[in-house]
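Structures follow.
In the two complexes below, subunit A is the common chain; its partner is subunit B in one and subunit C in the other.
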Partner chain A sequence: MKHDAAASSSPGIVPGIPNRRGEKGRGRWFIYLSLAPILLLFGVFAFIPIGWSLGLSVFKYNPLSASALFVGADNYIRMLGDSIFIKSLWVTFKFVVIAVAVNILITLMFAVAIQRIRTGWLRNLMRTVFFLPTIAPLAGTAIVWSTMFNYNHGLFNIVLTQFHMAPVQWLSDPHYALYSVILMTLWADIGYNIVLFIAGLDSIPDMYYEAAILDGASRWHSFWHVTLPLLRRTMLFVSVTTVVSYFQAFAQFQTMTKGEPFNETRVLALHIYEQAFSNSNMGYASAMATVFLIIILLVTLLQLKWGRTEWEY
Partner chain B sequence: MHRRNRWFDGIVMLVLIAAGCLMLLPYLWMVLSSFKSNMEIVSGSHALLPQHPSLEGYRTVLEDAPFGRWFLNSAMTSIVITAATLFTSALAGYIFAKHQFKGQKLLFILILATMMIPFQVVMIPTYLITAKLGLVNHLLAIILPNLVSSYGVFLAKQFIEDIPQDLLDAARIDGAGELRLMVRIIAPLILPMLSALGIFTFMNAWNNYLWPLIILNDESKMTVPLALVYFNGTHMVNYNVVMSAAVLITLPVIVVFLIFQKQFIKGLTMTGMK
Partner chain C sequence: MSLRYFKIFSVFALICMVFLLFGCAKNDGSDASATTAGSAGKTKLVFWSHQEDAIMNAYKALIAKYQSLHPDIEIAYQTFPYDVYNQKLKASFSAKNPPDIAEMFGTWVPEYSKNGALVEIPGGEQLRQEYYEAPLGGYTLNGKLYGLPLEFNIENGGMLIHPQMLKDQGIASPPSTWDELVEDAKKLTVQDANGIKVKGFDFVSSDNITFTFLSLILQQNGKYWGDNDHVNFQTPEAQKAMTALTSLIATDKVADLTTFGGELDTSDYFFQGSSAMTYRGPWTIAAGLNTYKVKDFEYVPVPSFTANPPSYAAESGWGLVASKKGKHQEAAVDFIKFMSSDDNLLEWNQGTFTVPAKKAVAQNPDYVKANPYMKTPLDILELGQWIGPIADRDFFFKTINDHFQLMATGQESVESGLQQIEKTINDSQDQHK
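Now for the complex of A and B:
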């Protein structure tokens, strides 16, 4: 301990310093007493559940029958032939890829535009307007949006009929359902990334732009060759966190579509939940959760590998 | 900076303002729908504006639903979770940053590793454990798993490491105990980080949907987001009622946000938390 060394090197000079053993003893007690309850909580609600989940994935377990049957790798093999699981895997990837790509594209555009605003209050107002939806509960937001998507009296179909177009089954037409949920997710979520991108843009020193202008770079050039490369760290952070959080998107699917129509919106997070708590297939659901975990870890690792930056500024 | 092109700037500004209006549209829709009367909804009118503004929706919510109860449930659990998380994070962060003990590194890495685990992976065992503890359909079940936060511990450790050791030594020489040291010296120094952690912990606790959905099924025990979804299920037809409930739930959130806006934005960029 650093402070022990400091205290023991000058014994007797400053009165009132506890001797080495007393100090150390008290420090130990403090550490053990305060860490014990914290570690207990981490143990019971984090470490044990992770291990338990892995263990459960090789059992056939229904909480109602209360008897677990060891089935080895059967749950994993079953997944390969489970067309709904395969479908939900596909839907999850489709949702994540489209939503993340659109999210990053528009948040970057809006961030650049907002950051250019010279008037302070206007810039803050715009940022607030985009950020506002992120603070409300997503489940509540999803309910407001499902009435907007309603076929008979929803906002979108009112607008369409105003323009003499045929109304659309936003949430029950297999061609539109996933895109409707993506639209709602983006509305609810872009504020975060806009704020993060603005912060990233603010941190780029002006001198780089000045140098680019001296070299005769156009606005477009300096965006591609100055802004984007210098924004790489923000970009990496934003894309990793957005991908992880979109993989886990749940509330909007559970409240707006419940995975319907024809499982077109059955993302893995929803499928695992329903298998575990509606169908009581906890073993099988745990196996899917394990696959889910591996996918998320792999995707994150890949992103970190591709996005690594070698330099700082 | 580039020479400013007035036309370009104007177009960008117009697009931004249009997008901003679109962002506000759902709020407008929510408020307008909440003032529609039951008659109007039954008659299947297609107007955006309520034809005969009425407070029927609000009356139904406040009379039919234990609305105050839901708010209280959410407020109580979120406050306890936030206070506990701030305390445990600062304490564990302090120990990991300024003390040494056997297995410290490994323990810290283990705690960090749990940050990467999606809730879907641990929800089944967490449910089974909570059931074993006899806490199904109990508000304690909402609180107990959320008293510690791995990200909170990580943040606190990062920020406390920057505090000079001399300062702590000086306080020890003055006879300050460890706990006093934490409250009097360390907590004020990491206050910005603590307030960011507090804001986002509270928000996540308030907005959490999946865990309450799993563990609570009694209407009077529900927290706000779960209650709203449940309420939506029982009042499918009268969407004015549901929209009234949504307004009542969203309004305080917006007010709180507008008051603490600066801290929100600063906290987000400082911690990267969602």
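Now for the complex of A and C:
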């Protein structure tokens, strides 16, 4: 606004002095031009599909059919009585809550431990080692883990047998299947958050720790009363991105369990995919996707509200 | 300001729409999989099938034979893993860019034929006389044929047995009644501290739970189809059939659910010696002979649930269809008819270890001579009934399998489970109308 006022009070074109209004206009066009590619990408591959999906959700539509039947809110009403949808919603929340909580706990612990390493090369090595799994494609990682979970020849059952324990149906026993996928997801995914937490920890000024030591604070007190509160912004970013990413988890479930056994690993993303592309219920799948979008939006808004900070250091 | 933003937004939306329209524009004449002029002016037909070594080899041999007889035609044969094949087909037909000839599982065909995506095969009346009823069901719509089956997909009527295991338990011959089957299965079951070590009678596979359930209904002279393409599982026959099935797990304890949904097929466990009798289709015999290299097994009839003949439900199996979008539909239909000639079908069925869908091939002595294990299924082909107008095959089977597990583990009563199955499947049927 200050710039606008200055521009409006400028005495027009003065020889030798650049025209501020023209400069500002060129600057704005530069911004539009710079943003255009990414906005175009989002527009074509995100906003328009979301709008299209919203429209489809009020139709009964099979892609093989030439026409679509308008059904109004029927697809949304159907969800209320769809036991598999309700189950998949429950499985999704269970997966997100457990996986995000364990992820944040583990990554924070590792980040604190790595940050305390004083030898530069060792610190970098540890950071690289933990980040490596995130480079591999998730579907490929899931295939490798499926072989490790194999009942007859898998690594985990070989280890159990060495300890004279009964082998476990890691991916086909309803009691273990979801936890097996969570384990794989954590292994594949913790690298990102470790790096983010290390960056957050590095940005906390040493003076706070020095003051805490002078006050006689123990390491635990320093962590609880200095590190955690000052990591709140990083924590908010990590938790929001991890929650959104885990809500959308798909590849590992599609590769490792396909939602089985007993729908115990049928997360909503997988259910939507199967309804759309296996069962050809595009309208119903779109309605579920809309509800899913709203749920993720609400959860994210709540996280932003609860995690808001008003200070800087 | 707001007007300026509106203008910017409008321009942006317009550009997005232009990109979208260009991106999604129909690409006539340059489709990767559409019929094109082949090398040296030949007519090129694109043919898709799923990947399975024996099946691919059988197709390749017959394609070479066809091309040598028709030098003006070139067939581009492309294969896809089974897991993605159905979706690949759906995507290609939805995008109006299908192959000229597609191998389809019979149960998938109605979704395409009722949407006008397939070419009618001429001479339907005559062909109907030449084939068994069950394999043709899926390819038939309003009395017209929209493809020809290559095999009789049979999962019922026969089971794999280990004769030595039966002998060790003093069982002289395979069971001839349902009661004998249950009693023998109990004797053959071996338990240890971790549960069942050797299953007496394993039927717990994603196919056989459903097929056995439907067959037990049919063997009581019952029906499971109601009006308007809805299933009806509230009949006494359905209750009795499901009670008998769940009892095998809950009461008789001749099988369990531990391996259901695992990586291996029930036939793999059989050939590894983890079950004495396993209810599975004859296609599994090839795995025993070729993969496990075992010969100490037999494929014998499964007795009827009642005194009636052992009727059973069967899906229409793998077959060939021609796309209506193809530019050389006549050539595509000609290839399908070539594949369906008696001699070529005999070669295909023998090479792929599948049961013939065509009567003349099934009755050809050369077929059973080459595949002696096939005698059991051949004897009951006439008893097979088409499974019916299932709109979504995977969903239908999964719904029954899921509730079967709940009923077998006591988490749901048989009555409530059947009600749930009926409601869920009928909802799905309605969604596909």
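The rule is simple: the second predicted complex is superposed on the first by the 269 of 313 C-alpha atoms of A that agree within 3 Å, B and C clash if a C-alpha of one lies under 4 Å from a C-alpha of the other, contacts with A are read in each partner's own complex, and residues count from 1 in each chain.
The definition used in the following text is that contacts are C-beta pairs under 8 Å (C-beta built on N, C-alpha and C of every residue); 3 or more make two chains touch, one makes a residue touch a chain.
The structure displayed is predicted, hence computed values, not measured ones.
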Partner chain in contact with A:97 - subunit B first, subunit C second, else both or neither: neither
Partner chain(s) touched by A:64 [first = subunit B, second = subunit C, both, neither]: second
Touch count on subunit A, higher of subunit B and subunit C: B
Which of subunit B and subunit C A:263 touches, first, second, both or neither: second
Contacts of A:47 with subunit B and subunit C, given as first, second, both or neither: both
Subunit B versus subunit C as contact partner of A:277, first or second or both or neither: both
Contacts of A:39 with subunit B and subunit C, given as first, second, both or neither: both
First (subunit B), second (subunit C), both or neither touched by A:169: second
Footprint overlap on subunit A, comparing subunit B with subunit C: 39, 44, 47-48, 63, 150, 152, 277
Subunit A-facing residues of subunit C, complex: 8, 12-13, 15-17, 19-20, 23, 86-87, 90-91, 93-94, 111-112, 115-117, 194, 258-264, 392, 394-395, 402, 405, 420, 424, 427-428, 431-432
Subunit B residues within the subunit A interface of the complex: 1-2, 9, 12-13, 15-16, 19-20, 23-27, 29-30, 33, 41, 44-46, 48, 88, 91-92, 95, 99-101, 107, 110-111, 114, 116-129, 131, 144-145, 147-148, 150, 165, 168-169, 172-173, 175, 177-179, 203, 206-207, 209-210, 213-214, 224-226, 228-229, 232, 239, 242-243, 246, 249-250, 253-254, 257-258, 261, 264-265, 268-269, 272, 274
Partner subunit C, residues of subunit A touching it in the complex: 32, 39-40, 43-44, 47-48, 60, 62-66, 78, 83, 150-152, 166, 169, 171-173, 260-263, 277-281, 284
Residues of subunit A defined as touching subunit B within the complex: 1-3, 6-7, 14, 16-17, 23, 26-28, 30-31, 34-35, 37-39, 41-42, 44-50, 52-53, 56, 63, 110, 113-114, 116-117, 126-133, 135-141, 143-148, 150, 152-153, 155, 158, 161, 187, 192, 195-196, 199, 206, 209-210, 213, 219, 222, 237, 241, 244-245, 247-248, 250-251, 254-255, 268-269, 272-273, 276-277, 282, 285-286, 289-290, 292-293, 296-297, 300
